[in-house]
């Protein structure tokens, strides 16, 4: 149970992730120049979530952790979405 | 046993009292921490009960009776804050969970013993701050335990300190939950599969998740109140674009799940006690285990049922009312399974079972009145009236309180190695049960008649029920005193018991009473379920089968 | 005290659970933000225009890079190059400092213009803009606090590298790293929400 | 329980009955089984427990059954809630304002009151808000309760079916006198209501309409000054028994002493006698002002000679001042009005303390903008009353003066 099947991420993949993150930062700033109406927020949030996923999976090593932990992280994000989403049953219909 | 094993209670030999205290308050032994929690919670509980009795005294007649409006407002606020944040939320998990969770899964300690000690210190810090807030600044807070804005922002009483105390207590609760989750995931003994976990452990697991995921929202809510008051942020100020109702959302996102932090461990205790005293496997193990998780999950989705009259949208009322009814289902599953466990059991009417049965009755009444509150149309009438006060005392005190009492009577012999007087234990249970109804049942009638809560003064038509209720509070207090006296006498002077007085099948009954410092003499290997009583005999004489007691219809199934 | 047994996986999992609580702490603020954005879209649009995109983007780059250096330092430690690991942490701390200095200039510019809750300029604005700035100061303030805490933690671990924190005992660094990534993660959302969402 | 007074309330009561009924049955079943088992299967009667671990069918049953039951409860709860929220089209609207610690009701014609007077059988919609913290408007008899939230409008409605008085309570904790934030709904016959509504009767025991408010509300002061200056109309100052030349419709003139009957005619039918030098532009007020108001105005024009009932007292009651300020020297949440006017007091001016004399202008200022100068030793909790008419303000100050000065 207490195995040390530790996976070490090399410098090169880390650098690639960094590059991707920087590019995505550029992308958000760039697309913010366009006006998609109410989609603006959606676009910005999708890019941010992509970046977040990169950080979580690689920098934070989640990709190489056990199933249980991955499930927990998923639950937390869903819960957060629910807290925000359900509040809108109120604020969006008031 | 040949050699004597030092129990965890025994201080290192030859130490002075200062050292002895030190070996407790700096101990990382989960059992000692559990007891520390227990004593501090009991002390806070005494404070809360006295405040409760004062509330009842003031309400014995309309008009000002023993205190003015400002004092009364401070008293019920403190009563709520102390009882919720310092008594029931930590009660069963932090006290009994700490002591028995590691033992029940066959571990030597929790995953992070030092963190565990730290969380007790945080609890003490929070509790002390709360006490300090009474005597400093502009007087004790008078906002109610819900700290609703804008009032909590306007009042000049000492809200900041109280809110800081709540923040710290929340932190302590988070750390306990975190510790339990890791302990359950990582430290189960060999053979202790998820399907063999005692249901108490399952309930603590579900509770721990709520503690971990909901409490931070309370944390930020508390921080925001401080930001409003001290920095003038204006996040909830309508004149500056804020929305006071959002505060209520944040508060209840924590505080509704918190009520399940209070009740789930008690449900776990009941699920562990019933089989032992029926000598029968728990009915529907999987269903009970899953329903704990179900309550934790679904319970996180219903917070706005506290806000049906708040001015939020009708759509939200629809959704949250529906979801509220959904949470009732797993609770119903548990209650039915408990009763079914008793069917064709071989029942020994010992004190823990009395308390467990009282729990079932009181919790059912409290839960069923919760349905009245969850239903939108009826909640409009009884919201913020004594009906709600009745509801939550039934579930919190009837539920968590009696669950705690049941746990005390069940595990006290294990912790101290001594037995209390059983006659007085049952008598206290019955007196409290009666007093409970006299105290809290009239509240339902008051609420139906429209008596709002948090009133120090009331219209004359409510006098009779209030009087009755106050008398009930004295009866209850008598029962409580008897119970406490009996338990204290028992744990110091009671007759000694051996490993397994009740004939329980979970791991804590395989080790000496009181348990040795490292719990197990050798690492246990688990080969049986927690409710598999075959071959285990209770050591208590009163639990033995009387000779020749077989009757037709009894016997094997 | 229990036996000196170290459960590395358990310790890391514990850190993750702690991060969950941090996420939900900020989660409460995100709930508020979402609701207010919904209520005052035009005002948020207008007020967001007053924040400097360049500053924001620069800070994003700084923080992302610092996240990389932490991750790299873990790799360095685990492959036995503890001097490199130490240097990378120093670099991270330096980047964190840059972030804070940047933030300081941004904040003080706003303070100079009276654009803070209760400030003489802000009270004249629309309610929606007032709430935007209240959210801005609350959220970036709390985030800044986390940057400080993260720096303290990294500094503490730095002092142990080569000692208690070794190739075969990397958890402390890993956990400090996880914390630092979380700080980054939150900024990844704060940046578009305050500087770009218009 | 309160008697039922309206149909939405009946729906709510039905939901109550249903949920209680089902709950009692369930509870009886559960407790009954439990006690029976505890007796029947006691160890001495049943020494060997059966080896049962569960029963899939039963477990499905008691998953499905509660689901159906609670969905039923939900349905009735929701429909009764809908009934509470669906306002009939013909409802009369009253604006409700909650404030520490009193209620204010404002009718469509501008009439303000501290009690809610409504005609029997008529649907009433309440539009609500609050000026300070959250309160909750609760009338148990009608099963309605809605929070009043600052910066927000909420609503409720009811249709009173029976005459009578019904308690109004505040159900959201709002500080010191939360328990005393009471009022009543007075349900009366339609005829009685109409008279009250027009201001002809006063059921709340107050002292009749405020003349200054009437001048204000009826628009008199748009054309007449009360202080002697000439606007498009002659000033009303010192008008009593003034000598006037009136031009009749046929062009003739007439010398008149402005006595009661003349002034009454001049208000109700001004075109009949137009004061020389002015245009015939004043509208007739026949049917516009009530007798009560007319009397009050004439009373005012007569001057201070006759003792006017303390108008300020009524305002203070209606505006809820008296829930925080006493008139007998005791301290509630604010300083007592007794002996206040003209006394020397310590105030905090932006945190700095200084001594001032509570003169008229200070008193007015404290009512309009209480946060500007804070009386030392009190919380800054008083709401601003900047909507008060100058008349009301004046009468409040007069009333305070009538309560004497302490050194």
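Order of writing sets the labels: A, B, C and D. Residues in every chain begin at 1.
Assume a contact is a pair of C-beta atoms (placed from the backbone, for glycine too) under 8 Å apart; a residue touches a chain by one contact, two chains touch by 3 or more.
Please read these numbers as outputs of a predicted model, since none were measured by experiment.
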Contact-richer chain pair [A-C vs A-B]: A-C
Most central chain, Cα average position: B
Mean-CA-position distance for chain C and chain A (Å): 15
Inter-centroid spacing, chain C versus chain B (mean Cα positions, whole Å): 36
Intercentroid distance (Cα basis), chain D paired with chain C, Å: 50
Contacts with two or more other chains, residues of chain C listed in rising order: 7, 9-10, 13, 17, 20, 23-24, 27-28, 31, 35, 39
Residues of chain A touching at least two other chains: 2, 76, 79, 83, 87, 91-92
Of all residues in chain B, the ones touching two or more other chains: 185-186, 213, 217, 239, 243, 245-246, 249, 253, 311, 314
Chain contact graph, described as a line, ring, star, complete graph or other shape: other
Chain A contact footprint on chain C (complex, rising order): 7-10, 12-13, 16-17, 20, 23-24, 27-28, 30-31, 34-35, 37-39, 53, 57, 60-61, 64-65, 67-68, 70-72, 75, 78-79, 174, 177-178, 181, 184-185, 188-189, 191-193, 196-198
Chain B residues touching chain A - in the complex, by the definition given at the top: 185-186, 213, 217, 243, 245-246, 249, 253, 300-301, 304, 311-316, 319-320
In the complex with chain C, residue positions of chain A that touch it: 2-4, 6, 8-11, 14-15, 17-18, 21-22, 25, 28-29, 32, 40-41, 44-45, 47-48, 51-52, 55-56, 58-61, 65-66, 69, 72-73, 76, 79-80, 83-84, 87-88, 91-92
Interface residues, chain B side, partner chain D - complex: 69-70, 73, 142-144, 148, 150-151, 154-156, 238-239, 243-245, 278-287, 308-311, 314, 317-318, 321-322, 325-326, 328-329, 332-333, 335-337, 339-340, 342-349, 353, 357, 360-361, 364-365, 368-369, 371-372, 374-381, 383-385, 448-450, 452-459, 533, 543, 545-546, 549-551, 553-557
For the chain C and chain B complex, residues of the former touching the latter: 1-3, 7, 9-10, 13-14, 17-18, 20-29, 31-32, 35-36, 39-40, 43, 117-118, 126-132, 134-135, 137-138, 142
